[in-house]
Each structure stands twice: as structure tokens, then as C-alpha cells.
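Chain lettering (A, B, C and D) follows the sequence in which the chains are written, and residue indices restart at 1 in each chain.
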Amino acid sequence: MSLAALDAVTLVLLLPIAAAALLAVLPGYRFSARLNVGASLLTLFAALSLFVSERPPVGQFLFVDDLNIVFIVLNTFVGFTTSVFSASYIGHELETGRLTPAHLRFYHAMYQVMMFGMNLALVSNNIGLMWVAVELATLTTVLMVGIYRTHEALEAAWKYFILGSVGIALALFGTILVYMAARPAIGEGLDAMIWTVLIEHVAAFDPALLNLAFVFLLLGYGTKVGLAPLHAWLPDAHAEGPTPISAVLSGLLLNVALYAVLRFKMLLAQSPDAIAPGPLMISMGLTSLIFAGFMLYRRRDIKRMFAYSSIEHMGIITFAFGMGGPLANFAGLLHMVMHSLTKSAIFYAVGHIAQIKGTQKIAEIRGLTETHPWLGWGLVIGVVAIAGLPPLGIFMSEFLLVSSTFARQPLLAIPLVFGLLVAFGALLLRLSSIAFGEPKGSAAPAEASYVPMYAHLALVLGAGLYLPPPLVVWFQHVARVLG
Amino acid sequence: MDGLIFDIAHLFAGGLVLVSFMLLYQDRLYALLNIFALHAFVLALSVAWQALVQAAPHLYVTAAIALGFKAIVIPVALHRIIQRLGIHRQVETVVGMGPTMLAGMGLVALSMVVMLRVTPEADPLAREDLAFALSVVLLGLLMMVTRRNAVSQVIGFMSLENGLILAATGAKGMPLVVEISVAFSVLIAFIVIGIFLFRIRERFDTVDIGALDDFRGERK
Amino acid sequence: MTPAATSLLCVAALLATALVAVPFGRRARATPAIYGASLAATVVALAGALLHLVAGGTSEVVLPLGLPWLGAHFRLDALAAFFLVVVNFGGAAASLYGLGYGRHEEAPHRVLPFFPAFLGAMNLVVLADDAFSFLLCWEFMSLASWALVIAHHRATDNTRAGYIYLVMASFGTLALLLAFGLLAGPQGGYGFAAMRAAEHPPLVAALVLGLLILGAGSKAGLVPLHVWLPLAHPAAPSHVSALMSGVMTKVAIYGFVRVVFDLLSEPSWWSSMVVLALGGATAVLGILHALMERDLKRLLAYSTIENIGVVFVGLGLALAFRAEGMGWAAALALTAALFHVLNHSLFKSLLFFGAGAVLGATATRDMDRLGGLIHRMPRTSFAFLVGCAAISALPPLNGFASEWLAFQAILQSPQLSAWGLKIMVPAVGGLLALSAALAAACFVKAFGVTFLGRPRSDAAAAAHEVDRFSQAAMFILAGLCLAAGILPGFVIDAVAPVTQALVGDRMPRQTGVEWLSIVPIAEGRSSYNGLLVFLFITISASLAVVVIHRFASRALRRGPAWGCGFVEPSPMTQYSGVSFAQPIRRVFGTLAFRAREHVEMPPPGDMRPARLTVQMHDLVWDALYAPIAGAIGFAADRLNTLQFLTIRRYLSLVFLALVGLLLVLAIWP
Amino acid sequence: MALILDLLVQGGQMALVLALSPLLTGFVRKVKARLLRRRGPSMLQPYRDLLRLLRKEVVLADNASWLFRVTPYLIFAATWVAAALVPTFAIGLKFSWTADLIAIIALLGSARFFLALAGMDVGTSFGGIGSSREVMIATLAEPAMLLIVFTLALVAGSTQLSMVAVMMSQPEVGLRVSLGLALIGLIMVAIAENARIPVDNPTTHLELTMVHEAMVLEYSGRHLAMIEFAASLKLLLYISLIACVFAPWGIAAPDSAPLAYAIGTAAYLGKLALGGALLALFETSIAKMRVFRVPDFLGAALMLGLLGTLLLFVSRSL
């Protein structure tokens, strides 16, 4: 047992919460923004050190295993890049008067609280704690979504809040049911909520209770994932909140919720008599994919459009994990990582675009590659990536997913391919009008930092061509663990 | 002795389901508030009984919260809000009472069927309790989706949450129950405050779809 | 260094050029530098591929890229070498042409980075030896060409063309993806070697073939998946159009051949009927569309569809013969198809170069605004004429040689045992003959209306000859059209290793045949000698000229045209492209396009002009694509109401989902 | 020595078709005139016309391009080569394997291609009319012809005319429905290709009904001579073709004695005369049809060709 390793996990949690406390009292947004970046960077380092250092022992509340380390590193990385983006974004909001310094203080503090909530959800070994952490992260994002105090923003936040609350309730009921199922086998008390203990004894649980629990958990956490028909909060929350929050929502929070679903899916998969969780996830995934694909066509708000694209991709990922098996799980993991990176990069671009053009209406934005080549081409690459075109990373995951699905369940691959194609058509339709054509709207030069966006895109491109072997081994291992 | 314990717990849980039906049946707002207070009261009794039976003193806290916060504070606050905002006193329903009640029956039956699949070897107390809790949860959700007033929707949500507490306390030895009930109380407080702050007079849903489109930058 | 490595190095050079072009694309000197570099790389790759095709053997390279547990496999065998020759030759010609033509490009930074990338991607597709690399490069090829299609993005038509193109390309890729999924099996054997080794049950084989028709067919432009092609190919700058039409469609055919002939175990004979029928329909419909077109580049694009149909007929024949164990006939049919692939890449590139020259000189692609260019652009028009003659399958040019081989293959059909094929093959032969005749008509129109007659606009009257690079590219291609036409034996022998590998047999060796004739099956049966035909025609024509000029008269006088005594001074009274096609439209149009003519004749005494309106429908679009687009629009509209629900209704959705899932649990066995 | 003899025979064939073709045209005209109870011009009149035209100066339209001037020679050469490759009095000539039936058709197609282009070169509307109608006719005639070729080739196992002729003279070929259909189809195509009545009228100069003549309206002098000559050659070619395929009797085998060649020549002349006479008879007994009826006529030929091919399988398996 190494003290440093123990510290790493604690640091991942401690750093954000300490930073949040600090940010809550510090005035001056410039310094806060930098502090936000610094704290996020340190958290990222702490997360990375989890790789190199020895794992801490499995605790009653916290633990690190092969699965969640992937999520943690992704989470802290995107958290860091988004904080960089946010630093270059949020100043503009202050200038235009959409936010006040007080708002910014609140914003930065909440940003770190949210990071804390997500990290906690990821490292928690206790299903109750995980529930609490997910809800914490949700509630902070609710506050962030409503930060502009406009009618639309408040409405979006309210919708998010109400739907989220119901989701919270359902997830809690599921958690209670898991406990009930575990109690006869494990005994009363905390042990019956510790995930590592649960998974060892799951064969002895009552399958019917587990089934019921999974339904509630899938719907409860699925609301956070944004699976159709539980998705309703997602597009509005993305569209009306500050863009960094949209990026974090799409890139991270959805993953965290999905992680929770995955944990319980693993539990169910180990139980011999329980229903297979796969079909449920597959059907919800496909519904989300196809539904979001069609919804993309009539979008007029650029951020809302990409929010629907997130629903689509969450559907794909859920589908992949529902399919299971080493190839599909690998594809799901890869897809999740790639989607987080790409979607947040897209939101970075979209944020700046919306600031320059002063609108989020797609019809008002044209010919971006002409007026703002960096942003325009960045968006093109991002959308091309998100649409699943090579040589970018999502292509690889879609390749693996579609081909392995077709070899195993040809009839499932047809709707999958159909949904992909429908979504592709819509994304591309909008892309051609946004990025190309006769320029429209303000051509003012952008004061933007392109580094986070292009860093993400470079990673996505690199992953599409070359995955480092250690990473692959890791993913394969995790894919096997996921079953 | 076991039989008696079981019967009493059963009685409370069944009572909660019954009160849920009464909630569904009510069509006047003030009466609804009163019945909800009753709902919370029954829950408090049930939780207290569990605390006694399980010898888990911390559950008394939960019972106290249920009693103090939900049976007293919230109904009073909602009373005020109704008066302040001049909310229509009538419960506006989406479908008629009859169909709603029928649907409620169906839901109770569904939760029974689902729960009965649980192997009888499992703790019978938990099994029955859970079936009732599930019914209460589903009835609460049904109420949320069949009522138009914000206040009655909030009440639906709270009755749903009561079902959760019922389940949580019924689960013997479950940790974090108190914390959860506190957290939920905070959540409900937020919702109530939200209703008040945002002056959501009548309903969560704005009827004027055109106005909504305007807000969302869509359809223009 | 192995040949495969050489090819990959050339690709690397191309990709590096593309990267360099990103920051420097706007500089004036970038244009010659980029095209020069592309030219050099493709020439080296071409030489390497040619050498390898002659030397034979296979060479492989595995790079640690792509699918991590597999790596990126690249393999250069006879088939790949042949297609590399086609790709790189087309690429080199386009680069050479671009050296001149590219100077007038208004947005070079939108062309230069993607041009070498496109070339590199096509090379990579041909080299790829595992499903992932193949599809990656395939789709990257689409992406690069899409960027080129929308290089002139301010025109809405172009972005729309690019959109339809990329959606169709993606559809094709997904179809291929499914096919590879089937071939790889649940274990994920994505290497081509593994697929080759695997046995595929008949159902799988049929399914894979169907998916390949969808995937590769949509890229190649097989009817009814062709709709994107006449939109996208003309939208790109002309040298890119040449690449897309002349080369990229060939890469699609490569994909089809690679999978169906190489990776897949033999599909049953009836599946070849599908290929044959589609090929025949594609050939005829493609060229009919071309005939009705008045946009020169679109005409060429539609003609590409026709040629793809011809190639697919050859491939279908090869499939049929192979399924019946007639190796020699399969080799003949496959050779015909591959030969036509090469030929089409030559003359279609040439024709697009010519169209580009016309476009550059007159700034219009509308043939009915052109005319008389033969006087202003004599060299271009000569090269274009050679291309027209070649694509019309006139002897002694190359187009005829390959069509002749295809006909010879068709004539082997009586020996097929399956009755369906026996009857179908001659019918498809009839379609092929029809399309060849229509192609001749089409290119009479293309050349006649564009280059002959009197100029129909000021721009056409003021046209000027193009630069030397462009001319050089066109003349090299024209020369090769002739060379391949009079010496087809060499090409056939070069293709022999390919057919040997794919269908296990080859055509008889041609280089030893007396007088360099070609014999499809054996000496003493049918034969054709392009060289002698060429010589005979040249000699007899020269003889006639010499004799007449020597012994009869050589007097010549210029005068006004006769025209039965009356020539309308306005050049607009000439036969236009539309009027030229009118008789054929009357014959075929009612069926193929639901063409309706409506004459509005004012009553006597009314001074209004009479008016003739023609309505034509693209039936494929009307019957297939418009309904799909409509259905998607309908579904999108209907589902879109879900964006505007109230929170209570959204909650109802959650509630219904919950109840639904609980019901599922309740009835779960 | 054998080679020289071979070349001589080959050369003889080339010279023969060249020499005979105007005569055939004259003969047909003469017979037609006789049938109409006219005396008609001498059978040698076409030669005189050609010589006259050759000696005249060319009047070239201002707008005519080099293509316009080259085309007559190209057409002539292509047609001549094609005609020389059809066996007339002997089969298995030295260069007869240079091109098979498909190539011969394609050579004629080349000639038509350039003629149609030449029609469009000057930029008059009549040229356009002629070209567009000509290509319309060709788009139907060529596939019909190729389908007929299929029928023949499937019977003979080759598209090489010499081999077809040998095969058709074998007794086992017998009478077949397919061959009959092919013959009718071939005659219809031949009529269309040679611009004869009822498809076109070689003697008309009524503008709106012209097809072939409209294309060559701008030609004069030696150019016109070449085109007329090519037209005669084409007529000869088709009659030789029909004769060689459907009446291969008397045709000399390869490397036979001079006597056989003589018999072959005589038989050939007889066949030509018969063919010419039948053509004239046919032409005088029928009226020209409207241009837009022509597709129906040729469509029928196309159907006959296809039917012939398909019936082959039914009548006897090969």
C-alpha cells in the first residue's frame, strides 16, 4: 500500500472541493478563471498519477479499478480543457453584460463543485454514495444552466430540475431495491451497498428484485444519460446554458450517468437468473439513436442541434454496451471517449461562433470557413468526426460496432445503420449551410483560444489512425470486465 | 409476535396506498393539501414503527422529518402560495377521475405482479412493503402526469418520494436513509421555492406553445 | 525496398504534400509546387505499379496503425497493381493538367490540400489489405473528394451536390461495413487474409454480394444509386472531375472486384444475374440521361454511369462464367471489364480535361451557349474528338477494343448451363449494343454542339486555346487512347496475372499472335487487329487523298454556306443540344423519363411566338429518392412536436417508459 | 510465294469492291427505272458522276473546319476497309481475320460518326436535322445489327465472317426459324443503314424529309464524290454480307485454285445482281414512311434480332 496512491484518489476529490471553496470567496474573474484552470490541471495530474502509482486498496466508500480510471482521466482531462476554453469564453460574456462578476464567482465555484460531484460518482464504491454524487453534479449543473437568468434559461433549468428530480427518485428506488436484493445474501448494513462486495455475491441475489432494480436504475440514470424518451431536459439545458457547461454536460455528465448504468449492468450480467440487461439497453439505445437522428433535421438552434447529436451518440454507446462482448464493449468505450472529446471540441467552436455572430440560429450563420477559417474548419472537422467519418476516431468505434453487430445480430444492425445514416444526413445538411455558402452575419475577428478545440481534434484524429498499444490492452481488459 | 409486527407494518403501508388513492381522487386543492398531510403522517407512523421494530433510532429522525416538514411545513407553505398567487382552487385534471382511478388500480396490480415474482424465501416483510412502496411511487408519478396544477404536481412528487422513504425504511439496516430523507426534503424545498419564485401560477406547462417556440429559438 | 513499401512511400509523399498545402495553399507559388509534387509522386507510384504488374508476385507491408490488434495491412498483388496503374496514371495526368489549369483557380486553398490527399487516399484503398484500413481509406477518399466538390462553395448547387454525395458515400460505406462484418464473422477476422481463408455459406455470399452492389455500386454510380454522381462530379474543378469520374469510380470497381472475386467464396450463378441486369440498366439509363443533358460536364458524368454499367456487365459475365466453371470465358469477361476500366479512365479523364478547357475559355458548361470552338481551340478540340471517338467505341481506338472483348464474352453464353443466364446474357448484350450506339449519338452531340457550327455566345466566340500543360495532359491521354486501341494485346497480357489470380484462368497469350491481333479464346476463332485496321484506314485514306489531289482536282473556294439557299444569320437557329436529342427523346424519352411535350400554338392572327415545352422526370429520383426524402421529412416533422411538449407531457413519457418496462418484467417468462 | 498470292487475292478483293460498287448503284437505279417504265440512266452513270465530281472545285462554307475536309476521306477509307473485309468471292483471305463482323459494323459506325459531325460543322439547321435523325436511326439500327450478329455467331461459334460463311454452308445448319428472323432483321437494318426507301430516300431533296442528304448538303466536288462513293460501297457491303452469310454457295475456299476463284467471282456477281434487283423491286413497291415511324420499323428489327437469339436456345441446344 502506498500513501501516494491513496493521496491520488483523495486529491482527485479534494482539489476540486478546495478550489470551489476558494473560488467562492475570491473576487475578480480573471484570477478566478486562471485558478479554475490551475485547479483543473492539478486534478488532471492527480488523475493521471492514478495510472502510474499503485492502486489504493478498495475502501468502503472509494475505490479505483480498471473501469473507472478510464472515466476519471477522461473526466479530468475534458474538465481541464473546458476550463481553458471557459477562460477565453467567459470574459466575453462579462463584456456583453450577460453575466455579472458575482455570477462569475458563482459560476467558477460551481464548476469545481460539479467536477467534484462527477469525480466522486466515479470513484465511489458505494452505490448510495454514487447516487448522492450523481445528484450533486446534476443539481450544480441545474444552477449553471439557469445562470443567464433569461426566461429561456430559467425554463430550461426548471425543466431539467423537475425531470432530473424524478430521475433521482427512480434511481434511488432502484438503489434501494439493489440493497434489498443484496441483504439476504450479504447481511444488513453498509456491506450490502458496496459495489465490490455486491459483485462477488450477486449470484445469490434474488433475480426478480435485481430485474426490478435495473429497470428503475436504467430509467433513473438513463434520464441523466439523455436516453429517449427520458431526454427532454437535455437539448434545452445544452442550448440555454453557458457553452462551457454544454461542453461539460455532453462530454462528461452523460458519461458519468452512463457509468452508473454500466456498473449495474455488470452486476446484472453476473447474475445467472436475472434478465439480460442487454436487450433493454439495446432498445433504449436504438430508440435514442433513431429518435435523435430525426430530431436533428428540424433544429434551428446550433447548440440544441449538437445536444440532440449527444443523445444520438449516447444511444450508440448504450447500444454498444448492451450488445456486450469484447468487440462491442471496446467499441463502446472508444466511442464514449471519442464522443466526449469531439463533442466538447464542437461546443468550444460553437461557443465562439455564437459569440461572434451574436446568435445561435443556424439560419443566421453561413460561410464560416470563409470568414473564420479556424473556427469554421474546426467545426467542419468536429462534425465530420461526430458524423463518423474517417480518419477520425469515431469511425473506428462505429466500424467495430456495426460490423460486429451485423455478424452477430444482423437484424439489429439494420436499424443501427439506419439511425446512423439519418443522423449523418441531418448533421451534414446543417454543416454545409453553416460552414459553407455565401457568408452571412458578423465577420468580426474571433478572440478565441483554439488550443482546446484543436487539441481535442488532434487527439481524435490520432486515435482514429493509431491507438497506443497500452491503451488498447487496457480497453480490451475493461471490455472483458464489462462482459 | 412476528405476525403482529408484520401486520402493523402492513397496515401502515397499505394505509399509505389508500391515502395515495385519496390524493388521486381529490379535486379541490385545499383538500388535497390536507390529505397530503395525512399521507405524510401515515408515513411518519410507518417509519416510526420500523424504527421501533428494527431498533434503529436514527429512523426516528426520518419520521420526525416526515411529520414536521412534510405533514406540517410544506402544506402550510403551499397553502400560502395558493393564496398569494391566487391559484385556481380546482384541481385541473388531464383525464377524468374515473379513468385515473382505474389506471391507479392497474398500477397497483402491476406492482403486485412484479413484486410477487420475488422469491417468497426473501424477507416477506420486505416483499410486501416493497409492493406497497412501488404502488405509492407509481401512483405519485401518475398523479404528476395527470394533473395540470403545479401544486398538485408537487404533491404528486412528494407522495412519490414518500413511497421511496417507505421502501428505504422497510429495507432493514439500510444505511444513509436519514441522509436521503434530508436530501429529498431539501429538494422539495427547492421545488416549492422555485414555484414561488418563478411564479408558476397554474401549471408547469405553459399552454401557449407559440410563446415557447419563441423562447427556444426554434420554428422561426 | 519492397514494391508495396515504395507505393506507401509515394502515398506518404502525397499526404505530406497535402499537409504542406494547408498553410501555404493561398500562396501564388503553391499551385505549381503542389501539383508538381503530386505529379512526381504519382509518376513514381505509377512506375512502381507497372514494374510490379510486369514482374508479378505479391508484397506486403504491415504498419502499426489502424485497428490496434490487427495493424494496417497493405498488400500489392496483381489486381492491386493494375488498379494502381489506373489510379496513378489518372493522378499523374490530372496533376499535369492541374499545373496549367490550376492557375486560374479562384480558391486554390480549398483545392490544393485536398487534391494530393484524394490521390493518396485512392492509392491506399487499392493497397489496403484489411477491412478497417480499406474502409478508412475508402471513406477518406470520399471525404477528400467531397471537400473538392464543395471547393466552390458559394454556389448553393455545389454544396447541395456535396451533401447528396457525402450522404450517398456514407450509405455506401455503411453497406460495405456490413458486408465486411459478415465476412469477418463474429470473431472479427478483419484481415483480408482471414476472409479469403474463410468459407462463406451461400446465403452469406449472396448477402455480401448484395451489400457490395449497394456499397461499391453507389460509389461507382450504379443505377439506381447514381443520383449523386452527375451532381458531384461536375461541381468539382475539372481536373478533379476527371479524377472522380475517371479514377474514383474505378476504385469503387476495385472494391467490388476485390471482395466479390477475391475474398468471397463463389456466389451462386443467379447472383450474377443481378449484376448483369443492373449493369445493363445502368449502361442504357446512364447514356440516355447523358443524351438529354445540356451541361457538358454533367453529360460526361452521366456517360461515366454508362461506362460503369458496361464494366459491371463484364463483371457479371465473369461471375456467371466462374460459377459455371468456365474459367477461360470468365477470364475473357473479366479482362474485358478491366480493360474497359483502364480505357474509361483514359478517355473520361481526357474528356473532362477538354471540358475543363472549354469551361476555362468560355466560363460556361452549357453546350447550348457554345459552338464553333474548333476554330478557336484547335488542339483541345482535336484531343476532345479523339476522346469522343474512343468513348463511342469506334475502331481502332481503345473503347472499341474493350467493348469487342465484352461482346466476345457475351457470345460464350450458349455454353452456360443455367437457362436464366442463357437467355439473360444475350438480352444484356442487346442493352450493351444499345448503349454503345446511344453513346456514339451522345458524343456526336457533345462534340458537334460544343465545338462545331457557329458560336452561340460571345464567350464562345472569344474563346482561346488553353495552356501547354493542359494540352500536354490531353495529348498524352489521346495518344494512349490510340495506343491501347491498336495494341490491345499488351494490355490483355498485362491483365492476365489478375485474371489468373481471380478466376483461375487467363486469356491466351496475345503477344505471340501473328500481326499483333487479339484472340479472345483461341486462334482461328474470332479475332480483331486494331493495328491493321488503323493502318488500313490510314493508308487507304492517304491513298485516296494523294490520288485525288494528284490526278483530279485540288481546287478549293470558300463561300457562304449553302443551306438549301437560306442560312439564318443568327447562330441560335443552329441545331442546339436539346434539339439534337429530340428524335431520341421521342423514341426513348416517354418510357425512360416520362417526357411530355407540350406545344402552345397561338391562334392565327396572334403574334405571340409558339412555344414548345418539354417536361422530363428523373424516374429514379421520383420513385426512390423523393419518397425517402419525403418520409424522412415527414417523420422529422412528426417527431419534432416532441421538442415542444410541456414538462407534464415529458413526465408522461418517463412514466410510460417505466410502466412499459415494468410490464415487460411482469410478463417476462 | 504463297504470301504474295495471298496478298494478290486480298488486293483483288479490295479492288473488286471498289470497282463494283458504283456499278451496283447504277444497276439498282436502272432496275428501278425499268420497273417504273422509264429507261433510266446508263448503269455506268455513277462512274461518270464520280469522275465529274472529282474534277470539280470544292466550294467550302466559310465556317467549315478542318474536320469537314477530312471527314470525306475518313468515311471513304473506313467504308472501303469494311467492305474489303466482307468475303465476296472467297473466304479466308490474308487479312480477313483483321476484323470480324462486330468490327465491320463498328467501322461503319465510325464512318457515320464522322459524317454526323460533318453535318453539324457548318452550323446550318439542315445539317443538324440530318445528323440528329441519322444518329437516332443508328441508335436503333446498330443494336439490331449486333443482335443479328449474335444470332449468327451463336450458330457459327464465331463472329469471323469467313467462319460464319463456312458454317452456314454446312448442311447441318439447316433451316432455322432464328436464321429466318435474322435475315429479315438484317435486310431491314440494311435498308435503314443505306438510307433506302422506306426509311430514307437517296434521291430526295425535299428538306424536311432528308436524313442522309441533309448531312451532306454542304459538300461539293471531290468531297461529295468521296461520300457518294462511300455510300455505294456501303450498299455493296450489305448485299455482300447478306450473300456471304445467307447464301454462301460458290464462295471459294482458302488456298483454292484460280478456277474456284473464278467461280466464286461469278457467283458473287450473280448474287449482287439478284440482291440489287430485289432491292429495286422492294423500293418501288413501297412508300417512304414518316421519320418518326422509323423507330418502329427498326424496333421491329431489334425485336427480330433478340427473338432470333432467344429462339436459338429453344429450337436446338447448342
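Quick notes on this structure:
Operating definition for what follows: contacts are C-beta pairs under 8 Å (C-beta built on N, C-alpha and C of every residue); 3 or more make two chains touch, one makes a residue touch a chain.
A quick note: this is a predicted structure, and the numbers were derived from the prediction, not measured.
Among the inter-chain contacts, the highest number of C-beta pairs connects C-D. Farthest from chain D, judged by the mean position of CA atoms in each chain, is B.
Put simply, the C-alpha centre of chain A and that of chain D have 77 angstrom between them. Between chain C and chain D the centroid-to-centroid distance comes to 35 Å (mean Cα coordinates, whole Å).
Rounded to a whole number, the gap between the C-alpha centres of chain B and chain C is 68 angstrom.
If you average the Cα atoms of chain A and of chain B, the two centres end up 31 Å apart.
Counting only residues that touch two or more partner chains, chain A has 158, 162, 166, 208, 211-212, 298.
Touching two or more other chains at once are residues 114, 117, 141, 144, 204, 212, 216, 218-219 of chain B.
Taken residue by residue, chain C touches two or more other chains at 643, 647, 651, 654, 658, 662, 665, whereas all remaining positions touch fewer.
A list of each chain pair in contact follows: A-B, A-C, B-C, C-D. In the complex of the two chains, the chain C residues touching chain D come out as 371-372, 374-375, 378, 385, 389, 392-395, 400, 404, 407-408, 410-411, 413-415, 419, 422-423, 426-427, 429-430, 433-434, 436-438, 440-441, 443-445, 447-449, 452-454, 515, 517, 524-529, 532-533, 536-538, 540-541, 544-545, 548, 552-553, 555-564, 567-568, 571, 573-575, 579-584, 586-587.
Within the complex, the chain B residues that touch chain C are 94, 107, 110-111, 113-114, 117, 138, 141-142, 144-145, 147-148, 153, 203-207, 209, 212-213, 216, 218-219.
The part of chain C that touches chain B in the complex is made up of residues 643-644, 646-649, 651-652, 654-655, 658-659, 662-663, 665-666.
Within the complex formed with chain A, the residues of chain B that make contact are 114-115, 117-119, 121-123, 126, 130, 133-134, 137, 141, 144, 157, 160-161, 163-164, 167-168, 171-176, 179-180, 183, 187, 190-191, 194, 198, 200, 204, 212, 215-220. Chain D meets chain C in the complex at residues 54-67, 73-74, 76-78, 80-81, 84, 95, 97-100, 102-103, 106-107, 109-110, 112-113, 116-117, 119-129, 131-133, 135-136, 138-143, 145-147, 150, 153-154, 157-160, 163, 205, 207, 217-218, 221-222, 225-226, 291-292, 295, 302, 305-306, 309-310, 312-313, 318.
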